[in-house]
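Same chain, two partners: chain A is paired with chain B first, then with chain C.
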Partner chain A sequence: MSKKCTVPFSGTKEQESELRSALSLLKNKEGALMEALQTAQGIYGYLPKEVQEIVAEEFGVSLAEVYGVATFYSQFSLMPKGKYKIGVCLGTACYVKGSGDVLAQVEKLLGVSAGEVTPDGRFSIDATRCIGCCGLAPVMTVNDDVYGRITADGVAAILAKYKD
Partner chain B sequence: MDVKKLEQIKARALKNMGPRAVETDYGKERTVLVCGGTGCTSGHSRKILEEFKRRVAEEKLDVKVIMTGCFGLCALGPIVVVYPEGAFYAQMTEDHVAEVVEEHLKKGNVVKHLLYKETVSEDGGIKPLGETNFYKKQHRVALRNCGRINPENIEEYIAFDGYKALAKALTEMSGEEVIGVIKASGLRGRGGAGFPTGLKWEFTKKAAGDKKFVACNADEGDPGAFMDRSVLEGDPHAVIEAMAIAAYAVGSDQGYVYVRAEYPIAVERLKIAIGQAREYGLLGKNILGTDFCFDIDIRLGAGAFVCGEETALMTSIEGKRGEPRPRPPFPANKGLFGKPTLLNNVETYANVAQIILNGADWFASMGTEKSKGTKVFALGGKIAHTGLVEVPMGTTLREIIYEIGGGIPDGKAFKAAQTGGPSGGCIPASLIDTKIDYDSLTAIGSMMGSGGLIVMNEDNCMVDIAKFFLEFTVDESCGKCTPCRIGTKRLLEMLTKVTEGKATEEDLDKMEELCHYIKANALCGLGQTAPNPVLSTLRYFRSEYEAHVKEKRCPAGVCKKLLRYEIDKEKCIGCTACARQCPVGAITGTLKNPHEIDQNKCIKCGACQEKCKFGAISKK
Partner chain C sequence: MVNLKINGIDVSVPEGSTILEAARAAGIRIPTLCYMKEINAIGACRICMVEVKGARSMVAACVYPVAEGMEVTTDSDKVIAARKTTLELILSDHNRSCLSCSRNLNCELQALSKEYGCDATRFSGAVTETEKDLSTDYLVRDNSKCILCRRCVAACKAQEVSVIGAVNRGFSTQIACAFGEDLAHSPCVACGQCINVCPTGALHEKEEIDDVKAALADPEKVVIVACAPAVRAGIGEEFGYPVGTNVEGKLVTALKRLGFDKVFDVNFAADMTIMEEATELIERIEEGGKLPLITSCSPGWIRYMEFYYPELIGNVSSCKSPQQMFGALVKTYYAEKNDIDPKNIFVVSIMPCVAKKFEKTRDYENASGYPDIDASLTTRELAKLIKEKGIMFNLLPDGQMDNPMGEFSGAGVIFGATGGVMEAALRTAVEKITGETIGKLDFTEVRGTAGIKEACYAVGGMNVKVAVASGLSNAKELCEKIKKGEADYQFVEIMCCPGGCVNGGGQPILDTYTRREVDYKALRAKALYDEDQAKTIRKSHENPVVKDIYEHYLGKPGSHKAHEILHTKYVKRKKYE
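Moving on to the complex of A and B:
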């Protein structure tokens, strides 16, 4: 959580009105703060302070409470993700089959660590929990594409597919 | 909707099931089933499904193409099954579809070279799936509809007695009678701890309060476990029906399913199923023409392992930080929003309708003395048949690994099986004949857990595995109580010392002491069980820890800091490539003469080994 976000916030008016109208439907539902943050992350791709402030204002709770929830759950991100979101599964089944080496290779090739995004904003890396296709272990995902039974040597070829 | 209408739908739906309704004789209509579980979907089974549909439509064939839930044999996915032959096609691709359509669907010739090899008998005929090693010893109760029905069609669920148990409970039984049956069946919670389900229901029923909740724990966070996901993906109505039965029994009108957001397919199918149940009058007001009203809401998790703990889960449903709280009060008395709440796991619920329909004695006839029924396991790791299996309690680990699981690939030796995830322990080869049930696993220092079963071979280092789980718990500890927050962190530091060869024998004793301290003092189940992976590996693989500590050696060759890279003087031709590659100048030697690695300078990066074209550099 100590990683600083260096990308300036660039939310649009359209995004804000979309968020506010979604929140107006949720705010009277009991216990809907997580759902609100999930919606917000769906609109902005991440949860910068500016977005958390909108949620706090609409829900009538403190920013601290929103921040507390946003930082508790690993799916909420306070930093923007890359255009291509790489996930390397570190679930047990993948780990015993060498996904740790795969992650190291991805980090080495992109020059950033898990939880970070490349300076050009193209790739972000996440070490994910089990995504459930243990039959394909070890598994790596790029956005919605799933690559199974990969080795550290195969990483470069996969990354090469995401050039633009 | 009333009971009579439900029976009419069943009769109509059963006819539509064609050859899948094996106990009936509804003709030889050809049906193609394509697995739509997460494993097969990752292998592009959706494209295979579309390709079948497209070709069947194009050729105007009288063939049904249906997406189902998981067949269990994920290692061989994507899987396609064609009825009435029951031909089991494995590792299908889009390119194979044309051949199956042309040969099998049009001409009736099973395409044998694409079949799962074990289903082809020696004389070239097709063996029924139930006779293969993978399925022979399985007994499917919780998974009975997975791989059989289309989970997005409620009528297919109704065809196989779906919602009949709810109808029976509502019209023929009192709430107390329902609880009596569940108690008598001996069903215990499938989420891990194994608490008797009927008792939990009884406590919730007896709790004072006008408003009560029924919740389902589908926050399957144990890495490498996918039992609950497969049930939700393959048979979501089984969970909905059971929650309705539970709600009737304890007197609730509102249910919540808390499901991991990492399971998009399961969430989608559950949403569809809840929508259809409402449409058919099986959720909502006055269900099946009675006074009983009940509805279900889905709440998505957001990636916090601790939310699988019951009190944390409820706090999370309330939209807060998912921190656990001390018990008592137990959720049965004070749960969601402070009201009495019944919380069961997905697989527990998946057994309920069958128990109501077939009776407590039927269920209690399966399993061992104290653990009744069956258990679903997710087999993963170094095993041939990665996948989902359901076996009666009391099946031995050997049967699961060698007969059903097909053994360890590549001729390697079995070293240990890990059950219970980060809360469980490692079972060594010497205990492979243990009959698996709740109590036997606890007795040997592991636990049933939710059902993840990861197999490890000789290449896995047990200290590294313990460290892997500790890293997981340190990361997932919510930070509320000190023994877990700081204790697991210190424990991980000690383990790291071991893997780096810096630990002393005294450290091993200290580690053990700290483990017992954390177990005794942590607030919730996550912390109390966090030391289990360390304790069980210390118990059964102490010599491996000692090799790290005394000999500064990792016997499995996993712990990087303890590796030694060495140059074989016979194979080295002195090309100098490695010396030029070495980032720290640890390799010395002259052209055309064998080189040498200075172990004091070497940082074990492995760059030299990658560069060597002659295989002269090995790691030990």
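Moving on to the complex of A and C:
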């Protein structure tokens, strides 16, 4: 059930002081935990345990409370994004055209699930909502490259393009 | 006052009341699952749905405020059908192995399902995948039985611990620790209050009944048992006695019939604790030691302090808890006196507590070279064992504790209620300091279920200022004051569970209605104060066995030998690794 982050935390002192000064303005504001997590994600790109611990400490709430909010909203990510961000569209058109199989194949080949990142930090996978090119369904993106009318069998060839 | 009609009955309730409270005032019960007065009014489970005339849809009575002229219906076919469907939906994703569940026949979901004539298999579909958390020595979480009411989360938060919360969302929601860690890797204090509020069998203590049965069946073992004070004020509820019935005599007989070689009493060790702790207090006052001295009987409090206030380690008494003192003395003093190898002694404690299961595994709790305590059963586990063995508890004659360690004073009995340790210690400390016999034994200022109690006593020309807290939110308040140097107490008693051990995490589970409507903490405490009142010996230092042990074995309270056997050490703990 838990997603263990396999990429080591590499936050800097500068990021931490930026976060703490942002939190000092928010911590006495009622219901500001979400805003705090948004700010934190803006600074670090994701919300690892180390960052959630800082938020919990500054807000005087438990880590379990912070984690509960962080896992409730899909916009919060507990994993860093990879060098290559893969998006597989699970919008209605793509889905009926078989993007579920495409996603399963991506997960199988990379050994991690949607929402996660490979241990080497190279690939991250996201299951996205409609990205607005239903005519090309099913669609998968890698950073800014868009691949349309793909099949599960074609996934390996696409991934092979992103070697370095 | 606000006037409204519920099922056609006129009722007036104070402004701000909920429909649930107004219905109660009109003698109408609305079922609840997630609701807990003051700490969990979240309208999540939708079992308390009622119709309000003119409202767009049904509303949750536990959170919906009353209004003038409101007309509420709690018993229409529509309401009943909605509740039934909600229950059946809950049951569709519930592990329905009810017959073998620890909460069979004491489950709020089961009771409501029966009341509403539910078809447990009406809906079939996806089932949440769960894993049991068996990581600790004291608690089991089985989320396959969890209904996501969040009562455990609220209880944990009320204790200022909050190691569990709702994780993820929608169908993936589960109650868990942050980052999917198991409980053993969280700063859980082991109080077990979550178990007591769980409506189903999702939470229970880690049972040690089989270990006890194996020891009883082993001819090599001398198996010795002792109950904590609060057990006698609670276990009767498991056999149908009203809340607050003291069943000490029957309890002794039941333990003897179970085959224990000796039935002693933790109350005796409570008297020993007072001797050591009062001595420590007097020494610190006279020699300018660290004050306030804080009690150490409650293992949940100790664990909380080690995680959250390690800077107070120096304030906490080095005395072992009564459970540990008991085991330590059985395996040293009693073993020597009766020429038994402590290796062959198996000591069982019966406790209103789950943290005691953890406490017995701590370091520095093995005075004889063997663990002071071998097994610790909750009040509930003992009741289960008694039932399994076919012992008709209600028909038992009263039995007598064995000698010597079944001898105890009234001061030992009241340990089970918040303020009891303080009062017991005062009875001894005041006499020791002044050298005079005190006339008034009842220190009523420190009694009662208030979260924090303070008092000041003039003792031999000085003022002794004391404070008592139960429940960790209250403990936190005192700890903050002490930490900041704002407190001028000499002696502080802290109990982890609200109301003290009578409301411990190992006590019989009362359903949500009883918890709301019966002052069970006060009733269970009264059973103990009544026993104290009836005792001839009401001061720990007058317990003849205690005197004998000091005279012939330990020397005097606080002696080197007493320290070796009866004292312990604490450690600073990291909240998350």
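Quick note on the criterion: the second predicted complex is superposed on the first by the 113 of 164 C-alpha atoms of A that agree within 3 Å, B and C clash if a C-alpha of one lies under 4 Å from a C-alpha of the other, contacts with A are read in each partner's own complex, and residues count from 1 in each chain.
Assume a contact is a pair of C-beta atoms (placed from the backbone, for glycine too) under 8 Å apart; a residue touches a chain by one contact, two chains touch by 3 or more.
Bear in mind the structure is a predicted one, so any value in this text is a computation, not a measurement.
Q: Tell me which partner A:Gly68 touches in the superposition: chain B (first), chain C (second), both or neither.
A: Touch partners of A:Gly68: chain B and chain C.
Q: Which holds for A:Arg129: it touches chain B only (first), chain C only (second), both, or neither?
A: first
Q: Using the superposition on chain A described above, determine whether A:Lys13 touches chain B (first), chain C (second), both, or neither.
A: neither
Q: For A:Lys163, is the partner it touches chain B (first), chain C (second), both, or none of the two (neither)?
A: neither
Q: Let me test your reading of the model: by the given contact rule, A:Ala32 touches which partner, first (chain B), second (chain C), both or neither?
A: first
Q: After the superposition on A, what does A:Glu53 contact: first (chain B), second (chain C), both or neither?
A: Once the two structures are laid over each other on A, A:Glu53 reaches chain C alone.
Q: Would you sort A:Gly91 into first (chain B), second (chain C), both or neither based on which partner it touches?
A: first
Q: Touching chain B in one complex and chain C in the other: list those residues of chain A.
A: On chain A, the overlap between the chain B and chain C contacts is residues 68, 72-74.
Q: In the complex formed with chain C, which residues of chain A make contact?
A: Going by the criterion above, the answer is residues 1-4, 49, 52-53, 61-68, 71-74.
Q: Write out the stretch or stretches of chain B touching chain A in their complex.
A: Touching chain A from chain B are residues 38-39, 41-43, 74-77, 221-226, 229, 261-263, 299-305, 316-323, 337, 378, 380-382, 386-387, 418, 421, 452, 454, 456, 460, 465, 468-469, 478.
Q: If you look only at chain A, which of its residues touch chain B in the complex?
A: For chain A paired with chain B, touching residues are 30-35, 37-38, 68-69, 72-76, 90-93, 95-97, 128-137, 139, 146, 148.
Q: Touching residues of chain C toward chain A in the complex: what are they?
A: 129-131, 157, 161-169, 174, 176-181, 186, 575-576
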